[in-house]
Amino acid sequence: MDIRPRDDAARWQQKAYSIIFESDTPAGRAFDIGLLAAIVLSVLAVMLESVRSIAAEYGHFLRAVEWFFTGLFIIEYLMRLLVVRRPLAYALSLLGIIDFLAIVPTLATLLLAGSRYLMVIRTLRLLRVFRIFKLGRFVGEGEFIVNALKASRFKILVFLAAVVSLAVVVGTLMYVVEGGQNGFTSIPKSIYWAIVTLTTVGYGDISPVTFLGQTLASVLMIMGYAIIAVPTGIVSAQMAMPAAPAAPPAPAYKQVVCHVCQADGHRPEAEFCWRCGEKL
Amino acid sequence: MDIRPRDDAARWQQKAYSIIFESDTPAGRAFDIGLLAAIVLSVLAVMLESVRSIAAEYGHFLRAVEWFFTGLFIIEYLMRLLVVRRPLAYALSLLGIIDFLAIVPTLATLLLAGSRYLMVIRTLRLLRVFRIFKLGRFVGEGEFIVNALKASRFKILVFLAAVVSLAVVVGTLMYVVEGGQNGFTSIPKSIYWAIVTLTTVGYGDISPVTFLGQTLASVLMIMGYAIIAVPTGIVSAQMAMPAAPAAPPAPAYKQVVCHVCQADGHRPEAEFCWRCGEKL
Amino acid sequence: MDIRPRDDAARWQQKAYSIIFESDTPAGRAFDIGLLAAIVLSVLAVMLESVRSIAAEYGHFLRAVEWFFTGLFIIEYLMRLLVVRRPLAYALSLLGIIDFLAIVPTLATLLLAGSRYLMVIRTLRLLRVFRIFKLGRFVGEGEFIVNALKASRFKILVFLAAVVSLAVVVGTLMYVVEGGQNGFTSIPKSIYWAIVTLTTVGYGDISPVTFLGQTLASVLMIMGYAIIAVPTGIVSAQMAMPAAPAAPPAPAYKQVVCHVCQADGHRPEAEFCWRCGEKL
Amino acid sequence: MDIRPRDDAARWQQKAYSIIFESDTPAGRAFDIGLLAAIVLSVLAVMLESVRSIAAEYGHFLRAVEWFFTGLFIIEYLMRLLVVRRPLAYALSLLGIIDFLAIVPTLATLLLAGSRYLMVIRTLRLLRVFRIFKLGRFVGEGEFIVNALKASRFKILVFLAAVVSLAVVVGTLMYVVEGGQNGFTSIPKSIYWAIVTLTTVGYGDISPVTFLGQTLASVLMIMGYAIIAVPTGIVSAQMAMPAAPAAPPAPAYKQVVCHVCQADGHRPEAEFCWRCGEKL
């Protein structure tokens, strides 16, 4: 009942709009779930094809699958353009660009082999599908995390800047200390090592050999071990906060997206899009 | 005094039920402790047998130990079936299935060598033995942890989904960047690498070699280093919460398990099982 | 003014007691600092001697240093026995045993070469020296940490039990999955791998090679990455607690140790040892 | 309007002072941004020159860039000396020393090749540039982190002392257990290994091989995994604190630095430097 396609829309366009862009009808929901499956399957096909032994045996089949889904996505993209009120606004919106990029890589292989793998950008299309879950508890929880991170973003940026500076200084010191040997063959490589160490990843592809180097590395490790407390403390403190004046329990959103700018998250009683002001 | 075996139970069945299923009599407690020892010893025997040098010398002895304990567990399983009011309900309950699976692998070796190791499932039987500790402080503390995790489960799921998506995207990028070389031989393998890196495990069995690859890896590491703050913050905030209206100090549970569904954790004054409603 | 040596103590014993066991006189404080230096130097000497190139050149000197400090520690130990009211009680107290063990290894090398390294137990003697710091802010802070850990000890034990169980189950699974190859040569070794992975250490001396193994390892890593949130959350929540009824600002302790049981931390106005009841 | 150069300052000195030392005029701000770029570029040039393949091709150009920026920094340093009221006080202040050290390494290469890399100390000059950000939200956030760390510094020191002690004891034990083999060739090296393990870095350049060694390592890893909770808890608790009596919202500082001691962070209405008492 919230379908608002083009003003001059034919019946089929109204119907298609409701199916493709919304998820509060059985058909719309089925479409979203089918889309989810198609995205996952097409990404899986590309992944499997990258495994040499599988490619040798099922290469043709997997490539067919890939083209099949690319075909589907092209049709879907064209449909979206057709039923939306302002096709250009859609094409230039974030989700519209992602939809477009999802079909380009396969087509591009006709010109340039290997570009196929860029298709992994399709994973980003899952963002669109997450709208399905908007109905469940996941929205609130996801928003809680995102909000805590947003509120802490300046603190986290300052922290990251400090970490990177530390890695630059220690990395260069190590280059001098280890004398350009034992894997520390250049300053950028030594900085890479410092980041590997500071974050406690520790591949071991490069590791200090001299006594002085190992001592310096030990100091860096202990710092990395203690420093992790900072972002953790920031986020913990943010999340433990009394949540301001106890935000009202996240209103159920209207299950409609704006047919112009594709924004969602409208209040149940909303008559107009909160982003572009278009009538919903 | 809370023994409730089959209605038509012989004296010995009543007695056996109290020993096997409950732990508030000296005999019942001794049985539980003996069971704990038997489980640990039988698992240890299988572990030791997997060490080639030990197997060469003590193989026969260890196998005898294994069969001895399997024999005990078979007898125990049959006893449980005999004394329980509804044998089928028990056999199909979670603990009943675990009890059954604990004896199958050894028997299966008669048909299929190697299946023996599945016996490690016996470790899960320790769940049953944890009931002994139900008496001490451990219940409350364990429940505190489990409750905090339960309350945070949606947040943690959203977080894990984000982590896995990130690993998929970065893994594929690395496959393209490193050109299918230096260990990044396929997309699934590159995703495995991304997970190894993002979680700061960092085996080093696969590690980037090109400059671009090392740069991308550095970004991923710093993200992994900062991202860990999210689950930590979630759980910390949850645990620091004022515990709602100060839950009454965790009542001491009745030390009885339901003779039908094996549920425990009944209120001291409970007359009926909280799960299946059977009279206790 | 709080010196309480043997009742029949000679003047020199009283003086020695105050110097050796207490730290509120200039001499007592100087003794503690000298002891700190002696411990650190003697441990350093053993460390350096373990480095082959250094041992080749300075071996004799380092061994002389070691015997010198061992001589000092023997004299110190005998002095402590002489001036203390109940020598046996001291000899059997924790600190007394550590004092004794600190001199045994060097002596034992007369019988058994190599036992020398056990001398590292001398590091534990630093515990005694920490009393010096009792005066500063460190006591309160150290106690804050220890108290938070103590208050969380049941939660942490439950958590560690869960981690070890998980490592046992996953380790055995990996042994089956990787088929006893690629380093997973026995179940104990596989469990070792599981712990290396779960704690995000990730040496890479053993790492999965099969697809199934890498998938299982990925799951384990993500679990280890998320699970770390649990102990962190526990301790954070404990530390963030309003500290009960705002404990009065940690009283300054009497700077005296009981001459019988060596306990310290007596209230300023205490007349008797809080542990053994002896008059201070 | 806050320019306070030498009392006998010529017009150009007043002007220069305002540009070089302050950032509340367009010129002053432009100078700071230019300085930021110069520092980053000069550090980048040294980094790139350390990469052998790049040095082979662009070595001369990069060295020219390095000398160009060093020339700029020398001019800048002399200017600072000229316009400041008390040149010696400036030269001996922290920032003054850093400014000096930033130009020494390049000059020193005339005498001693290789000293060039010490130039990375220029990164520390970024500290000066951070003043630009003093205007934005970053000050408050950075100060929040620094304050939380400062307030926790005693706790963190106690924690680090405990970690290092643990590493020393376990490292020596491992040296004994692994018998000076498998990479554990000396006690210092074993301590290095213990730190690598305890901090969950885990290079794998040294890893235990014997059963006893792997068991000991497992215990150490689990401890390291659990111990990380301590600094995290400390910082989280500190940050979650109600911030005392809700500190007034961080006053906007006067955008002036003391022309004697280079201190900044003066209250808007300040007439005198809070550090050296000089008139602002």
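Chains: A, B, C and D, in written order; residue numbering restarts at 1 for each.
Following the convention adopted for this analysis, a residue touches a chain if its C-beta (ideal position, glycine included) is under 8 Å from a C-beta of that chain, and two chains touch if they have at least 3 such contacts.
These numbers come from a predicted model, not from an experiment.
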{"item": "Shared interface partners, meaning chains that touch subunit A and subunit D", "value": "B, C"}
{"item": "Turning angle required so that subunit C lies on subunit D, C-alpha fit (0 to 180°, nearest 5)", "value": "90"}
{"item": "Copy pair subunit B, subunit C: interface residue numbering same or different (half cut)", "value": "different"}
{"item": "Euclidean distance of C-alpha centroids - subunit A vs subunit B, Å", "value": "33"}
{"item": "Subunit A and subunit C, separation of their C-alpha mean positions in angstrom", "value": "47"}
{"item": "Shared-contact residues (touching 2 or more other chains) in subunit A", "value": "159, 188, 191, 200-204, 228, 232, 234, 236, 240"}
{"item": "Residue ranges of subunit D touching subunit C (in the complex, touch as defined)", "value": "154-155, 157-159, 165, 168-169, 172-173, 175-176, 180, 185-189, 191, 197, 200-204, 207, 211, 214-215, 217-218, 221-222, 224-226, 228-230, 232-234, 236-237, 240-241"}
{"item": "Residue ranges of subunit D in contact with subunit A within the complex", "value": "43, 46-48, 50-52, 114, 117-118, 120, 123-124, 126, 137-138, 141-142, 144-145, 148-149, 156, 159-160, 163-164, 188-189, 191-192, 195-196, 198-205, 228, 231-232, 234-236, 238-240"}
{"item": "Touching residues (chain side subunit D, partner subunit B) in the complex", "value": "200-204, 232, 236, 240"}
